[in-house]
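Okay, so subunit A shows up in both of these, paired with subunit B first and subunit C after.
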Partner chain A sequence: MAEYYLDCMHEACPIPLLKALKQLSKMEIGDVLIMGTDHNCSIINVVEWVKKQGHAYDYVALGEGEWEIYIEKTR
Partner chain B sequence: MIMLPWEKGNGRFTLRKPDSRKGGKPMGKEARDCREKLKSFLQRPWPYWLGGVLLAILNIILLAFAGTSWRITSGFLYWGAFFLEKLGLHPQEWYYFSAYNHGLNPGETLLNNDVSVITLGIIIGALISILLSGQFKLKPLKSKKQALVGLLGGIAMGYSSRISFGCNIGAFFSAIPSFSLHGWVFFFFLFVGAWIGSRLLIKYML
Partner chain C sequence: MSSAKIEAIKKQRQVSHTKGRNQVPYGLGVVLGAVIMLWAFHSQEGRSLQWILGILMGITLQRSRLCFTAGFRDPILVGSTKVLKAVLIGLILSTLGFYFLHLQSAAQGIADPLQLPGQIYPVGIHTALGAVVFGAAMVLAGGCASGTLVRVGEGYAMQLIVLIGFIIGTLLGARHYEFWDLMLISKAPTIYLPSLLGYRSTLVLQLLVLSLFYYLAHQYDRAHSMIQ
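Coming up: the complex of A and B.
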């Protein structure tokens, strides 16, 4: 079970989502992707997309306007 | 160590616990629910239908009181022309302004016109909204590539918004309810542009 970090700081839509899509397609089932973002749309559209795909996810606010999104590839 | 009056013996500023109220009673379930609702109202995005209805109502009010529908980039045109004038150029003599109506009434200035006031209102409103949600953050440029692409994108958007009578607000959002055909042409080519744009994005920006 590997862990990957994706730096999406200071990047606007839809780059974080596209980067996550690309990274997830390269990962094995059970691997975890951690995304760092400061774009408030990302915690909406990335999370919504992940939910639709059926992966496990969670996110935490690291500070004002800064988040980490955790995605576990489940299928 | 200097002690301030509100500091306790351990020298650290002590905050009141969030769940304690005057008289030491814990915060009730109702109050907590209310706080959660307010937080969600300020932080979560509103549904698209609500945004659409609010924008339509505001545009009708604007048309009724100001006599013009909502435009944004015309304001940038005035601001740009203002700075070029200050630099000693004469944009008012350009062919563009003789071929198209610039929409300014006599006596209107850089800030004293409908478009500029609304655009400044949008910027201030957006700032208030992001401050209330507690998500305000200044973002530096990530790389030279991001800066260059941003600059090129800005120039392309500015140029094309002028030859198409506006951005997605002036040439689409306000054009279609005004029964203008150019709004529908814009609508169709918006999809074409978005498709090409997303191809370029995936190829060069990832």
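Coming up: the complex of A and C.
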């Protein structure tokens, strides 16, 4: 299992989602992607897509308007 | 849905997370400012009503994360129509609201469609041109008018640049409005369906068309989903 970090700070929709799409396609099943973002619309955007794809996900607020999204590639 | 791996990473990374500053004083300051503004408007009844409605609209947009840009972008980009369906429900609800508003206006004897409440304007090639320019630019900018304002309000600095561009565009549009009006807008017809079909048939027709769009959006979303 590998862990990848994707820096999406100061990127507006839909860039974080497109970056995640690209990165996930390169990853193996069971790998985890960590995304850092300061755009809370992107959380909705990314989480909604990940949910539809059937991957596991969660996100936490780091405070000061920054969040981390975790995605485990499951299929 | 989370997983064991994600929970483990969350716990491991929690150590490095710094707790955010207490936001309550800022919130109280903003509420105080809003009350002072309301008090300043108290002699103008219309203004204070607009102020309260504006604040409620802003809160709704911020909390619901309704993004018109995502509504029209995500179906094409990622095959998701969740936001588009929310926009369609909004249109269905406002159709019902405007039906009663226009009935009331008709009872008051307002015959000119341009005088009615709502956005009734000549429709023509300029409508399509403007829609393409606005649609392409809002995807690049990451927000439409309301979305940009909400994000500036919540402190997303990048959107300030968009707001500056928005103001420049609006001022240029206002300055050159006469040119566009002469070239395109004044030549285009104003189509007001109730004067052609009657109020009730227009209401039924519009609700049917919007419901059809909603159904198509729903089917499109399901067709582009990996899990059923």
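As a working rule, the second predicted complex is superposed on the first by the 75 of 75 C-alpha atoms of A that agree within 3 Å, B and C clash if a C-alpha of one lies under 4 Å from a C-alpha of the other, contacts with A are read in each partner's own complex, and residues count from 1 in each chain.
By our rule, contacts are C-beta pairs under 8 Å (C-beta built on N, C-alpha and C of every residue); 3 or more make two chains touch, one makes a residue touch a chain.
Since the structure is predicted, the reported quantities are computational estimates derived from the model, not experimental observations.
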item: Combined model on subunit A where subunit B meets subunit C, clash or fit; value: clash
item: First (subunit B), second (subunit C), both or neither touched by A:29; value: neither
item: Touching partner for A:54 - first (subunit B), second (subunit C), both, neither; value: second
item: First (subunit B), second (subunit C), both or neither touched by A:9; value: first
item: First (subunit B), second (subunit C), both or neither touched by A:40; value: both
item: Touched partner set for A:19, first subunit B, second subunit C, both or neither; value: first
item: Residue contacts on subunit A - larger count, subunit B or subunit C; value: C
item: Among 19-27, 109-117, 145-153 or 181-189 on subunit B, the segment whose C-alpha atoms clash with subunit C after superposition; value: 181-189
item: Subunit B and subunit C contact sites that coincide on subunit A, given as residue numbers; value: 10, 14, 18, 38, 40, 44, 64-65
item: Subunit A residues within the subunit B interface of the complex; value: 9-11, 14-15, 18-19, 22, 38, 40, 44, 64-66
item: Parts of subunit A lying in touch with subunit C, wherever the complex brings them together; value: 1, 3, 10, 12-14, 17-18, 21, 30, 32, 34, 38-41, 44-45, 48-49, 51-54, 56-58, 60-65, 68, 70, 72, 74-75
item: Residue ranges of subunit C touching subunit A (in the complex, touch as defined); value: 1-3, 5-7, 9-10, 13-14, 17-21, 65, 67, 69-70, 73-74, 77-80, 82, 139, 141-143, 147, 151, 154-156, 158-159, 224-227
item: Touch list for subunit B against partner subunit A, complex; value: 45, 130, 133-137, 139-142, 146, 198, 201-202, 205-206
